[in-house]
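Two complexes come next, and they have one chain in common, subunit A, joined by subunit B in the first and subunit C in the second.
So, the complex of A and B:
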C-alpha cells in the first residue's frame, strides 16, 4: 500500500498522534505510571481493612462449607487400566469353609491367650500347608524405657510366568484398629488372609507377586516389617532380616474384620504425615464392593466424615496399618467390616478382596494421576483440591496482608508538627519514618522456637507427665522476659511488639500456605489456631489475654496428656512429624 | 509357566559342496521330565540338528560372496543369519518367570535369566567391526523371533569373558570377541513360539514337537527355548504345577495334563526321539506305559518304536506333603541367592546380594553384575559380611568397568569365597540416574527392569553352570507427565505473580523524583 490515498493517510496519522498523546503524554511516562500505581495502592490501602476481614470471613466460611456435598462431585475412575468390577470371581463357599476352620483354630489360640510367637508360628505353618514359602520375623521397638516386641508372619506367593518385580501386599494386624478404646483381636481378618492365601495361589492370572502379612500388635508390627523390607534404618528398632523378599510393592490393602458379620464395608485411608493413597484405588474398591460383593461402602464406620478426616490427617496419624505403607510410595487402604447383625460375612469379603486384587493386578504402572489431593465427604462424594484448598489459603493471604500492613505501618509515625526535612514524601506530611527493631523481634521469635524445641526435648524424657506442670509454668513465665526488650522502647523506633506481630503473621501465613499442599488438614488446624489469635493480638499485656494465649500455646501439656502421649509415640515409632512441628510452631503466638 | 529359549550355534556351516551336507544332517529330539521337590514338574524339550563337517565362515571372507546354502533339516533362516555376520557361537534365551533354584535345582539348560539374553562369540578381523556385526545379528534375530532384541543395544552390551565361556571349540585362526546383552523386560509369548516351531523339520505336527501347545505352555510357572551346534539345539523348558488347584492333592502328571496333547505320530525326519523321566526315590508311584529302558533313577522311552498315541503318565500313591516340602527338604542347589535393591529415596539405594553355601566345603564363585548406567555403583561402599561379620577377604580379584552416562553399562566382576554352611552378604550403595525427559519409556511410572546378576560357581563339579538371580525393578525420579500437574504449575506461577505485585504494593513506596527540579531544591 505504498500509494494509499492522501486523506486516508492523514487521518491515520492523526489517529496515531492522538493515541500517542494518550499513551505518551507531555509529562514523563514513568511519572504517569508511578502516579497510577500510587493511586492503586491508595485504593488498596483504603480498602485493606475491609479486604482483610473479607478474606478471613470467606476463608473461615469456606472451611465450614467443605463437608457439604454441593461443593464436591461424585467419584469416578481416572486410570483406565484398573477396570474395576469387570472380572468373574471364583471365591466360593468351600473357601468360606476354609476361613471358618482357620477361625476356629485362631479362636482357640485367642481364648488361651497364646503368645505372639505361638500365634505367628501357627500362621506360618498354615501358610506352608498351603504350599507357600513362609517365615516369621521378630522385632523390638524401644520407646522410652519400655520395649514393644512382637513376631510377624508372612508368606510370598510368586506370580507364575512373571518376573516378580512388582508385588501386592494383603495384610491384617493381630489387633484391630482402635482409637484409645479396648483392644480387640482381628481374628476374622487373619483367617480371611489365611484362606485367601490358600485360594489365590491357585490361579495363574497373577502378574504380580502376592505377599501375605499378618503383623503383630497394631501398628508396630507392620512398621517393623516394612522397615526391614525397604532397608530403612530406625535407631530404636531391632528387627530380623526378612528371609523371603519380593519386588517393589505398588499396592497394599489391609483387612480389619472382628465381629461375626457386617452390614457395610468401611474405608480408612489416611496415612502417616497426612499422606493419602491414590483416590482411584478407593473408588475402584467402592465400585467393586457395590457391584461384585453387593456390600455398600461407607467412609470410616459412619458419619462425621470430614471432622474425622481432619482428625486423622491433621496430626498425621495413620487411621490404620495401611498408613504405614504410604511413606514408601505404596498406595494402601484398610477394608473395615462395620459390625452388624448381618447380612455379610467371609463370602462377600472374599469376593470383594479377590476382585480388588485383580484390579490392582491390572495396573501396568504405578497409580500416578493427580488423585492424591482430595477430601472424601462420603464414599461416593469428594472435594477436589480446587474446592477445598482456597479456604486455608484465603486465611493465609489475609494473615499475610495483615502482617504486611502492620509492617508498613510500623515504619511510620504520625507527627503532630510535620518537619519537611525528615519527611521523604511531600504529600503525607504528617508521617515520619522510624526504625524497625527487626533484630529484637527475630531474637524473640528464635527464642520461642528454641523454647519449643526444649519443651519437646524434655517430653522425650520418661516421666514427662510429672514434669508437665513445671514445663507449663516455665513456658508461661519465660515469654515475660521479652518484656525486658520492650521496655527500652522510645519514639524513634517502632515498638518491638508491632514488628514482632508483623513478622509472626507473615511467618505463620507462609507456614500455612506451604503446609496446605503437604497436609491440608494440618494447614486447616493451623489457620484456625493461629489466624484470629495472631491477628487480634495486641501489645497491651492485659491480665485476661495473656493466660488465654499461654493456654492456647501450651495448654496441651496439662489438659491433653493422652493425645500428647500418643503423638509422642507416633513420633518415636512411626516418625510422624506432627509432635515436633506442633511443639515448635505453636509456641509462636507469644 | 516360563519359556526360555536358548539358541546356541557354533562353528556353522557349509563351505564345501552342497551334496556333502545332505549326507551329514541329523535331527534328534528329546523330552526330559523331572518332578520337582516342591510339587511342580519341569519338562525340557530339546531338538538337536547336527551338521557334520561344517566350519564357521572366516571373518576375513565376510565381504566376499558366500557359498550357496542348502539344507534338508538344518533351519535355513538361522543358517543365513549366522553366516551373514560371521558368528562363531551364539546363545539366545527368552524366558518368562523366575527360576527358583532352591526348589527346582539346576535347570537342564543353564540360561534361565528372566527376559531375553543374547550372547555370541564373533570372530574379529573382518572389514566390518565386531560391534557392527553384533548390531546386525541382534536385529536379524529380532526379526526372526518376533522379539525386541533390537533393544539389546550399546546401553546393555558388555563383554564378561570369564563367565560366558564358549561351549564349543573356537577356531584358533582368528581372535574371538564376546558380546553379551540381556533385556529383562522382554515378555515371552506365543508370537515367539511360532517362529521357534517353524525352525523344526516336522514343525509341531509330528514327534515330540507336537507337545508344544501354546495354551498350556504359557500357563505354566516358567518356560524356555534353546539351540546349539555345529549342531543347532533348540530347547524349550517348562515348569508346570500339577498342585496349583487347592483341590489337587497329588503330584500326578501326564502328557495330557502338562501339555493338553499326546504324541500322535513320530517325526520321520528324526534320527531319535526319546523321552526321559526322572523317577522319584523315596515315595511309591506308578508310571505308564512301561518304559523302554529303566535305570535306577531314570525311565527312557523310545517314542518312535511305541504304539501311538503316546501319553506318558506318572501317578503317586500318597498325597503330596506340602508342609514337609516347605520345612524339611534342603535346597536343591548348593548355593542359594537372594538379591535385593532397597530404595529409601529417589536418588539413592542399596544393592545387596546374599549368597548362602549349604555345602560342607567352601565354594568359590564369580559374581557378575552387568548394570545399565541408570544405576551407578559407589564402589567404596562395597562391604562383604559372612554371617553378619565383616570379612573383606571374602572378595578378591575385583574388576570394574564403570558405566558411562547415556551409553555404556557397568561391568562389575568379583571373585567370592563363601565358607561352608554360611551366608555371604555383599552390599553396596548405588545412585540412581536422573534421566533426560526423552529417555523415559512410555510407561514411565512403572520403573526400570534391571538385568539379573550372575553367579558362576567354580570347582563345584566338573561342569560349572551359571546361576541367575531374579531381576529387579528400580524407580527413578520421574516427572509426572499427566495434565493436572501442569495445571498446578500454571496456577502456582499465577499466584506467585499476583503475590509479588501485592507485596510490592504493600511494602514499597513509589515516588516521582524529578531530576530537573532537584538542583533547584538544593539551591534553596
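So, the complex of A and C:
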C-alpha cells in the first residue's frame, strides 16, 4: 500500500479498458442489454407512483400559478403595419354634439318603449340622412316553442381609396352585454355608432369599407346578420337577405356604452367556442386608448381576470357580440365603457375608435403576426402558450401514466404456486399473465357515450326542466343495472373494471391534451373535473362513492339549472359545441 | 345472440345500409372536400369535372386538374350514371365487396369454409372509421381498397388470372400497388396459410414465375392501350401516373410528401422526388425474403408501408392496413406495444381534423400545425407496422419462458 499513486500511463490504460468494457462487455452483449433494459424498467416502475403524484401536483399547482404576473410578460405590438396611436384624430366637440343629439332622440324612443321595427327604422333613416346606403333586416329564431324576433339596421360606407374587397365592421347591440341579469339598453353605444358613421364618411383615408351595424337584442341580432352576410345556413333561423354587402371582413369592434360617463375602457375578447382574436388587435387598442384618448384600459370591468377568462372560454360562450364574428375568422373585440362619475365620454371614445379604425385600416394582410394562443392576466400582461399549456398537459400525462400502469398491472396476477421445496413457507408466489377483456371495456365505454348522446339529444330548451330529474334518475340507475349484469369474475382474466379504468384514463388524458390546443380553458376544466376522480375511482360499491360520481357525471342536470339553460341556448342559437361535448364526452361514470 | 349478430350475412348488409343512411343524412355533402379523406387523385368532385370535360369533347388531361384514370372516366360516362346517390350506393357496395373479400381471404388462410370470426373480420373492415369516412366522402381510394382485397382474395383462392387482373387494375389507378406484385405471385405459387409460427425455406416452381409476370404485363398493357384509346392520346400518362411521382399538386393531405415539397428549394426537388419514390422500393425484397414462408403477411406489411409513405394517401390507405390485422389473430399475443400504438392512433385521429380546423377554418394555427399532426400520424402508422413486423417474427420463437428473454440483435 505504500507504492503511491500508479503512474499516469497505467491510469489512462485502465480508463480505456473500463471504457472498452462498457462498450464491448466480456459477457454476452445481448444479455447485458436485456439486463440493463430490465433494470431501467424496474427503476422506472419503482418510481412511477412518485412520478405520477409529482405530475398531478405540479400540474395543479401550475394551474393555480397562471395568474401570477411573473409567469407572463408585458404585451407588445408585433405587426409593424399597425402603427397604433400614430395618427392625428379629427373627432371634435361638434361630433360629440351630434352624438348627444342622437342620444336625445334614442332616449325619447326608449322612454316610450318603441318597438324593434321603430328603432331600426330610426337608425336606418339617420344613416341615410348621413348619406350612407342603409337597410334593415328582419330575423326570427325559433328556439323551442318560442320565437325570438328582431330587426337589425346597418349601413355600408364604401372606401374611397380601394375597391372594397375588405371591410371593417363597427357595431353595437341594442341590449348591452349582461350575464343573466336585468337587461339595459346600449343607447350611448348606438348613438356613438350613428355619430361615427356620419363623421367617418367625411374622410378620404379609408382603404377598407366601413360597415356600421346596429343589431337587435343582445346576441341574436348579430348572429342573424353575420349568418346572412356570409350566406351560412342555420335551420332555426329565418332572416331576410342583406340588401347591401361589402367585402371580406377582417376586423370588427363593437361598442358597449350605457352609463353617462366612464373612467376606464374595458376589453372583452373571448369568441365563440373559445377562439381568441389576434393579440395585436387588443394591444393596439390598449396603446391607442392610453396615448390618444388618455383613457386607461382594463381587462373586462376589473376583477379576477383569469377566472373570468376560463368562465367564458371554457364553455365556449362569447363575452360579447364580438364573439359571434370569430367563427368567420374575423378578429373582433368589444370596447366596454366602465361606468363611473367621470371623466370621459363621447369625446374620448370617438377619438379612440377613430384611431383604432385607422390602425385596422393600415393592415395589408390579415392579422397573423402576434399570438392567437394567450391568456391575458391584465390589459398589459399576458401568458404565452408555453407558460400555461403545461399545467393541463402535465395532469393529462399523469393520467396517461396512471392508466398505462393500471393497464400493465391488469395483465398480471399474483398466483400462489405450490413450491417443490417442502419448507415452512411452502407457497411461492409468482406472477402469471392473464387476459384483458378489452372488448367488454370498450363496449361499456361506447355505451356510456351513447347514453350521454341520448341524454343530450333528449334535452331541449322546452323540456329540460321537466326532463332533468328523470334523466338524472336514468343516468343514476343505468350503471347499477350494468353492475347486475356483470359477468362472474374469472381468475384467468382481469376484472373488467380495472381494464375499464385504465382505458378510461388513457382516453380522458388524450381528450384533455388534444382539446388544450383548441380551447385551453375547457381542457383545464376537464383536467380538474376528470383528473383526480378518474384516477382514484375504484370498483367498490361503497355507498358514498357512487353518488359522488353520479353527481359529478350528471349533477349539472339538477343543480346547475342556469348554466344548463344557457348552454342549451348557446347550442341551439349560436351552435356552441360545449353542451354536446360536455354531455357526450364527459359522461363517463366510473 | 351475439353469434347471430356477428354472422357475415348480417354484418355486411347492416353496415352497408348504415353507410347509405349516413349518406342520406347528408354526410357526403359535409365530407366531400375534406382533405384528409380525399386527395386530388381520388376526389369525387375532380372526377365529376373530368367527366364534364370528357362528355363535352374537351381533353380532360390538358388542364392539370383531372388526375383520374381514363378508364374511370369511360366507366362513369357510359355504363354508370353519375348521380351522387348512385355513386354513394356504388361506394357502399364496394366496401361490402371489400369486406367480403377480406372474409374470404381469412377463410382461405384458415382453410375452412366458414368460421365464427367471419363477422368480426367484416365488422373490423366496415366499422373502421379510417375506411368508413373516405367512403362517405366518395373518395376513389375506397375502390382501390376493394380492388386490392379482391386481388388478395383471388390469390388466396389460387385464381391467378382474376388476381393478376385485379392487381393490374389497381396499379393502373395507383402505380404504387406494383410493389405488391412479388408477394402476390408468391401467394399464388405457395399457399396463403399461416406459417408464421414455423418458418421454413420457401419451395416453389421458379419456372411458373415468368408466365405469371407475363400475364400481369399483358393485362397492364391491355389496360394502358384501352386508356390511350379512350383518352385519344398519351397525354393521360403524365397527368395520372406521373402525378404520383412528380407531385405537381401540393394540396395538403395526411401524407408526408406535401409539406416537404412545399418547403423544398426547386433545385433539390427532382433529387428528393427520386429519393422519396425509390425509397418505397427498398422494402419489397427484404420483406418477401424474411416472410417467404408466409407471403400473405409480407403483402400485409407492404400494404402498411405503402399506406404510410405514398405520395397522395387518404385515411383509407392506413385504414386498410389496420383492418387487415384482423385476419392475423395468431400474432396478437406477440404484439410488442399494442396499447401505445392504439393510443398513438387515437391521438393522431383527433389531432388531424383539429389542426386542419385550426389552420384552415379558424385561422389561429398555420400549416405547421397540420404538418405536425401528419407527423404524429406517420409515427402511429410506423408504430403499427413495426409492431406487426415484430409480432410476425416473434411468434416463431414461441411463448415466453421464465428466466429467458427474447432480444433483437
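The rule we apply is simple: the second predicted complex is superposed on the first by the 537 of 590 C-alpha atoms of A that agree within 3 Å, B and C clash if a C-alpha of one lies under 4 Å from a C-alpha of the other, contacts with A are read in each partner's own complex, and residues count from 1 in each chain.
Operating definition for what follows: contacts are C-beta pairs under 8 Å (C-beta built on N, C-alpha and C of every residue); 3 or more make two chains touch, one makes a residue touch a chain.
Remember, predicted model here, so these are calculated numbers, not experimental data.
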Touched partner set for A:34, first subunit B, second subunit C, both or neither: both
First (subunit B), second (subunit C), both or neither touched by A:165: first
Touching partner for A:407 - first (subunit B), second (subunit C), both, neither: both
Contacts of A:518 with subunit B and subunit C, given as first, second, both or neither: second
Of subunit C and subunit B, partner touching more subunit A residues: B
Contacts of A:329 with subunit B and subunit C, given as first, second, both or neither: both
Subunit B versus subunit C as contact partner of A:128, first or second or both or neither: first
First, second, both or neither for A:275, with subunit B first and subunit C second: second
First, second, both or neither for A:366, with subunit B first and subunit C second: both
Partner chain in contact with A:507 - subunit B first, subunit C second, else both or neither: second
Shared contact residues on subunit A - subunit B and subunit C: 30, 34, 38, 329, 366, 368, 404, 407
Touching residues (chain side subunit B, partner subunit A) in the complex: 1-2, 38-39, 96-98, 100, 114-115, 184-185, 218-223, 241, 243-246, 322-323, 325-327, 338, 340, 342-344, 350, 352, 443-447, 449, 470-473, 475, 480, 482, 484-485, 488, 502-503, 505-507, 509-512, 514
Residue numbers on subunit A that touch subunit C, as the complex places them: 30, 33-34, 38, 275-276, 326-327, 329, 366, 368, 372-373, 400, 404, 407, 433, 506-507, 510-511, 513-514, 517-518
Subunit A - residues contacting subunit B, complex: 28, 30-31, 34-35, 37-38, 40-41, 44, 125, 128-134, 158, 160-166, 198-199, 201-204, 230-232, 245, 247-248, 329, 364-366, 368-370, 401, 404-405, 407-408, 424-425
Complex contact set, residues of subunit C against subunit A: 339, 343, 346-347, 350-351, 354-355, 357-358, 361-366, 400, 405, 407, 409
